[in-house]
Amino acid sequence: MDMGDFILEMKNITKDFSGVKALDNVNLKVKKGEIHGLCGENGAGKSTLMKILSGVYPYGTFSGEIIFDGKELKLNNIKDAEDAGIGIIYQELSLVKELSVSENIFIGNEPNKNGIIDFDRMYYETKILLDKLNLNINPNVPVKNLGIGQQQLVEIAKALSKNVSLLILDEPTSSLTDADVEILFNILRQLKDNGVTCIYISHKLNEVMEITDRITVQRDGKTIGSEDTKNLTESEIIKMMVGRELTNLFPKEEHQIGKEILEVKNFSVYDSKSSSKKIVDNVSFTLKEGEILGIAGLIGAGRTELVSSIFGSYPGRHEGEIYLEGKKINIRNPDEALDYGIAMVPEDRKGQGLINILSVRDNMTLSNIESYKNNFGSVDVNKEIVDVKKYIEMLKIKVSHFDLAVKNLSGGNQQKVVLAKNLLRNPKILILDEPTRGIDVGAKYEIYKLIYELVKSGISIIMVSSELPEIIGLSDRIVVMHEGKKKGEFVNKDVTQEMIMQCAIGGK
Amino acid sequence: TTNPNQSKSNNQTSQTTNTSDNSGKIKIGFSFDTLNLERWQHDRDYFVQRAKELGADVLVQSANSDSQTQYSQCQNLIAQGIKVLVIIPHDGSAIAPIVEEAHKAGVKVLAYDRLIMNADVDAYVSFDNEKVGELQAEAITKLVPKGNYFLLEGSPTDNNAKLFEQGQKKVLQPLVDKGDIKIVGEQWAQDWLTQNAYNIMQNALTANNNKIDAVVDANDSTALGAIRALQEQNLAGKVAISGQDADLANCQLIVEGKQSMTVYKPVKEEATKGADVAVALAKGEDINANGKVNNGKIDVPSVLLTPVAVDKNNMVDTIIKDGFHSLDEVYKNVPKDQWPKQ
Amino acid sequence: MVNSKGFKENNVSINKKFSFNLKLYTMIIALVGIWIIFAIATKGDFLTSRNMSNLFRQMVSTAVLAIGMVFVIIAGQIDLSVGSLLGLTGGIAAIANVWFHINGILSIIIALAIGLILGTWNGWWVAYKNVPSFIVTLAGMLVFRGILIGITNGYTIAPLSSDFQFIGQAYLTPVSGYLLGIIVLLVGAYTIYSQRKSKIKYGLEVSPFYLDIAKIILMIVLIGLFVFTLNSYNGIPFSVLILAILVAIFTYIASKTVFGRRVYALGGNIEAAKLSGINVKKITLILFAINGLLAAVSGVVLTSTLNAGSTSAGQNAEMDAIASCVIGGASLMGGVGSVIGAIIGALVMASINNGMSLLNSAPFWQYVVKGLILLLAVYVDVASKNKE
Amino acid sequence: MVNSKGFKENNVSINKKFSFNLKLYTMIIALVGIWIIFAIATKGDFLTSRNMSNLFRQMVSTAVLAIGMVFVIIAGQIDLSVGSLLGLTGGIAAIANVWFHINGILSIIIALAIGLILGTWNGWWVAYKNVPSFIVTLAGMLVFRGILIGITNGYTIAPLSSDFQFIGQAYLTPVSGYLLGIIVLLVGAYTIYSQRKSKIKYGLEVSPFYLDIAKIILMIVLIGLFVFTLNSYNGIPFSVLILAILVAIFTYIASKTVFGRRVYALGGNIEAAKLSGINVKKITLILFAINGLLAAVSGVVLTSTLNAGSTSAGQNAEMDAIASCVIGGASLMGGVGSVIGAIIGALVMASINNGMSLLNSAPFWQYVVKGLILLLAVYVDVASKNKE
């Protein structure tokens, strides 16, 4: 192949974190103007490689060479990468919550005259970007008022605002619904027509298949290989990633559904910021013992608000009734919910799921720490460690030691820690809000199997997910929401994605 | 009032100088409440100088107005093999336990300027703090026998401020009872800060529509702030105001007629006397006490000096004569032709 | 659909403006409450133009410190050295002026330069050596106070030359006061007008005309009242004018400039700020440098007001400054705060001090009531925000 | 594969242990550095058993405050009221004892109860009324000091009865000192042994035997040295014993109990802590209550040491306590810190104060050198951590 085709070559990149090799002699070549997919298990080193390329880990903190546009790149900081024309959307949301949408989009590149910001221009350009993404929000609203999905779109807008020749997207769609993904893809195709190169990282292989031209697969910090997308199938990618075949992604298993355990009646939730606005409007549903109930809907449909209000963690006011095993209950905070046997994996793992500076162990046992109390009132650390090790094994969490701070884990592995925390609590009802965000196919499969084991043992599950295949592949029953209202309920037999989509966008 | 003792005590000190031909160097520890106040710097300089003449070394510490720090520092001094510990207590009660500790280590303790309470103190050299308050009030009542009085006291957490207040009240209360004077306000300036005193005085003038005839002010750093506030109302010089410590800036204000008086504690005399007593204690000689003061436990052998009220008239005879400040310094802002002849 | 969405957005934008203002308004309401209580308790003395003039002058040195401090706090840092720095720079200015007979202006410039340098020293350790700002500035607090004690040798340095005294003691003549008021009004009106124009240029929705008019009327009333009150005593104090100018400049910096917004960004989420390519170190350095400069301004004003430099000047002033910021809504966790808030905070504190001292209460009451008012004022603020 | 993984893990775990220790070790190294410098500068005076005894006694009241403060700081809060609370509780104990002739023990219990109640008051406002802890405790600082001034009327209250003086002034006899050392050793050895047993029970990998032996030997050396040094002067001071007991209890609480874990969690990410079912309000309340209690302990010890209660006791003590925590590695942003660190921080500060005072330097030098040593000590710590 002609060398001139390549806009980027990363050669023999090696990077370790105090003894742990995250990248081991990695090579990546990207052609000018292509959309290049990067796949690999959780912890394979994808994000680390991209952080090297965007100057987060500056020249000298890794070994190897980066050739970009024919010249060797020695990046000292992020600014250098931006100056060279490289832009990135990080896997972990990196927005300043107190600042407005438009300020976040232009942070670091504020339109200004002599250091004085031209707010009107900023507003105007933000509006254009948001329109492109079909996101109808006020550019002056602080980011903290947005849902996770919307925040991810803002992050995308931020990347688009920079005029880059190489755009890196690290898990840009983990909280997006299919409709939004389609919008993003159209934009990427437009960019491609304008000669912009993209590197696209995702665990949603169908997306990767749809949008990319070539794919490189990484495993355990090493490059496995690159191939044109058209020559690959999903299962071939999986095989390269995981090292083995994985034919059925959804291990449907028979399980007993028992009597009704939870009933939610006429439930409404009001916005925590403006108390007159209803986000969830008069929703009712039931949940049976050993049942998996899926909740589908578009971004902003109010699914998160619904489930987090039930769990007692949403700050806004709510109305309606909840019956647990026939008894009316009133949950005011997560503490009480957990006492009733209801646990929840929140959608925002960084903000609500994890305590970044604490270790994997501390995080995992935070909810059930009481159960390790011994006679002296102290924590039986060894008993704790046994459990922690068990879950690390079970969920295949890639971590060198359980006392490592969770902030050092790869995105997918962090998500697994949040899952483990809630499993350790042994709930009767487990609420999962986007449970497999950023988790690789192999691990997803394991998690699904685990979910089946849970329901077989009589635990009930409510699962909010933006991945329709996941909803359809797992749920026994599906509730669909649209603009805060329940628009439909399907027993999962012969349900198609189209039927759910139709319902989610408000049609019948 | 001038100080009748002064010339006499000067003679005494020169005598002691002659008798102190000594080979072995004596170590004296000196613990100051604080050195952030102008006067204490003078005390230190005179004391050290005199001790040197007597053949003693002085280790100086300053406790930043904190009893606990002072206690620690005294411990540290004792640990260094001193013979005598001289203390200007931040709080005469709170420093008492150090006396016993010192005695255990064979160290004598001299309370300097402020008494140490409830302890077997070996000697006390001082001016009487209540007396200071009395002098302030006496001077001001003499100038303004009738009228509205405002009391600007020191830091509310400083034990000495309380003593000054007591002294003032001793003089003022009878006049209040007689109806001659009316106390229209009493405020305490946190940390003796000039700025706080300034704000307090501003507010007092506002609250009383400037109808204040006299201010009994506890010390010079607060008087400085109060006078600024008076000046703003063109009242400086019209309202009598007291002070204490004979700080240079305040002496200047006195000769300019803006401050009525300050209480001058002839520091040189006190420091020189202090050094003499300290050395005598070290050698086990007689300290020439001129009185005894009860501290709640014992009658402490004391050398008591008299604080002097200084105003425009006796400035030259006291402060300047003592060399505490020079004539040039004090009269700097006064036209040369109005300078006193010396 | 588009219509309904457009409508939604409008709603939000009005909502947002309202809630933004409310945040400051509740503290202003608490302030007004305090004023009313003191006005009643002092039988009106508190609200005389003379006392208002005093009050504003009494708040200047804390308020100037608070302006710098609020930036540092927004950035998630703290500066404990400003009290000592205030004392040191004030002392240096006084020494230059009194002992070395350097004229007032030059003495002040020297003091400001030293403030800037020592602030930069603080910032350098924090930004480039990663030492926690608490430690760096605690060290600064000790070192600067030590130097002050060393150079003054414990003496109070006074009196200053008249060109130095000017800053803290002079007043604007009534006429120039009104003139100034009119200029401010004109600038304000012009800003509103040009904002309108720029909005139209980008095809953005402009606020209804009557709202702009209302704004201008409000401005006229407030500025008029301010100037009138101060003029009916001695005129606008020069030191208050300096404060006002600083407030204007730094409010502008905080809300309108690239630098200002980046400070909020790095305080709100330092990781995100770094990942956005912001030079966090440089900004941190500049913040502390500015804070040093403002401490020097405060030192100069205080020295000039008291007509003396002393070793103990500015003791504990850092706590007052920090407290002002927090009362005014700043969070010590960073990312939140405003210059106006800090000024209102300083005014709340000065008002409590002034009122209690007018009431001539005993130290016991002063401490207790001060503490309780402070707690209640902030509680009112917090509670009303929560309800909303 | 399993083997290689096992190997890897071992490596890291050792690495990690090492780095964990390093965190504390660097500050200990800085401390040792300070000691060596002072030992040389004072020609050995610094290291005499007598001065060591003094040094430990001098650090007690700050160290006790620091123990409580570090919990508050880990939880992401601050408590500015402890200095005043120390003064108030000490004053109350003295009043009870001196004016009302209540015996020492009862006076102390009264003081402790009041500390607990006022700490709870602080905590209630912070936890249940959402007022920022900076404001609540700033108010507390004023109110408590005010009450102290009010009840003492500005007088110093002394002397105390002998049963009260005991706490601050008594020493253990040499024999009981050694006995105590041996008991501590036995408890330590038993802990190591039972940990080993429990590890084996759960099938976890145990550390090599020689390491446990080494640990025990280190313990013998350190405890022996400690007791020997203090015994060669007057014996172990009773106040130092109290401190040691408090350190043991609170280290245990921080690292081994459910409560301790939760404090770290809520300081690290309060949102996530809430969602994990932690009753954040309750914990916050308890933290401040404990802090109040410890302030009272500190107040009692100080009052007893000085044999007097005074209005100015504990002024600025809160800053020393906070500084100790930060020097010892706590972050004012919450989530990070340790009791041992705070104690080492307090020891660093006490050492600097003690050393500088032994050197008899002028105030100028005291301030400046103190500030610089503080800065350098923490810098050494930060720099070595960064490198690693």
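First chain written, first letter: the chains are A, B, C and D, and each begins at residue 1.
Convention: a residue touches a chain if its C-beta (ideal position, glycine included) is under 8 Å from a C-beta of that chain, and two chains touch if they have at least 3 such contacts.
Chain by chain, the UniProt names read as follows: A = ABC transporter related; C, D = Xylose transport system permease protein XylH.
Everything quoted here is computed from the prediction, not taken from an experiment.
Peer 1: Among the chains in this structure, which pair is joined by the largest number of C-beta pairs in contact?
Peer 2: Most contacting pair of chains: C-D.
Peer 1: How many angstrom lie between the centres of chain A (ABC transporter related) and chain C, each centre taken as the mean Cα position?
Peer 2: 43
Peer 1: I'd like the Å distance between the centres of chain B and chain D, where a centre is the mean of that chain's Cα atoms.
Peer 2: Chain centroid spacing, chain B to chain D, equals 39 Å.
Peer 1: State, to the nearest whole Å, the distance from the C-alpha centre of chain A (ABC transporter related) to the C-alpha centre of chain B.
Peer 2: So the centre of chain A (ABC transporter related) lies 73 Å away from the centre of chain B.
Peer 1: On a C-alpha centroid basis, what's the spacing between chain C and chain D, in Å?
Peer 2: Roughly 36 Å, centre to centre.
Peer 1: Would you please write down the residue numbers of chain B that are in contact with two or more other chains?
Peer 2: Where chain B meets two or more other chains at a single residue, that happens at 35-36, 156.
Peer 1: Out of chain D, which residues touch more than one other chain, so two or more?
Peer 2: 145, 149, 154, 362-363, 366
Peer 1: By the touch rule stated above, which residues of chain A (ABC transporter related) touch at least two different other chains?
Peer 2: Within chain A (ABC transporter related), no residue touches at least two other chains.
Peer 1: Show me, using the given definition of touch, all chain pairs that touch one another.
Peer 2: Touch list across chains, by label: A-C, A-D, B-C, B-D, C-D.
Peer 1: Hey, which residues of chain C end up touching chain A (ABC transporter related) in the complex?
Peer 2: Residues in contact with chain A (ABC transporter related): 5, 8-9, 12-13, 15-16, 19, 195, 198-199, 201-204, 256-259, 261-262, 264-265, 268-269, 271-279, 335-336, 388.
Peer 1: Write out the stretch or stretches of chain C touching chain D in their complex.
Peer 2: Going by the criterion above, the answer is residues 76, 78, 80, 125, 129-132, 134-136, 138-143, 145-147, 149-150, 319, 322-323, 326-327, 331-333, 362-368, 370-372, 374-375, 378-379, 382-383, 386.
Peer 1: Going by the contact rule at the top, pick out the chain C residues touching chain B in the complex.
Peer 2: For chain C paired with chain B, touching residues are 42, 45, 48, 50-51, 54, 58, 61, 149, 153-159, 169, 302, 305-308, 310-313, 315-316, 353-354, 357-358, 360, 362-363, 366.
Peer 1: Would you pull the chain B residues touching chain D in the complex into a rising list?
Peer 2: 35-36, 59-62, 64-69, 71-73, 75-77, 79-80, 90-97, 117-118, 156-159, 161-162, 296
Peer 1: In their shared complex, at which residues does chain A (ABC transporter related) touch chain D?
Peer 2: 18-20, 311, 313, 333-335, 337-339, 344, 346, 351-358, 362, 366-367, 369-370, 373, 377-383, 385-386, 400-401, 403-404, 421, 425
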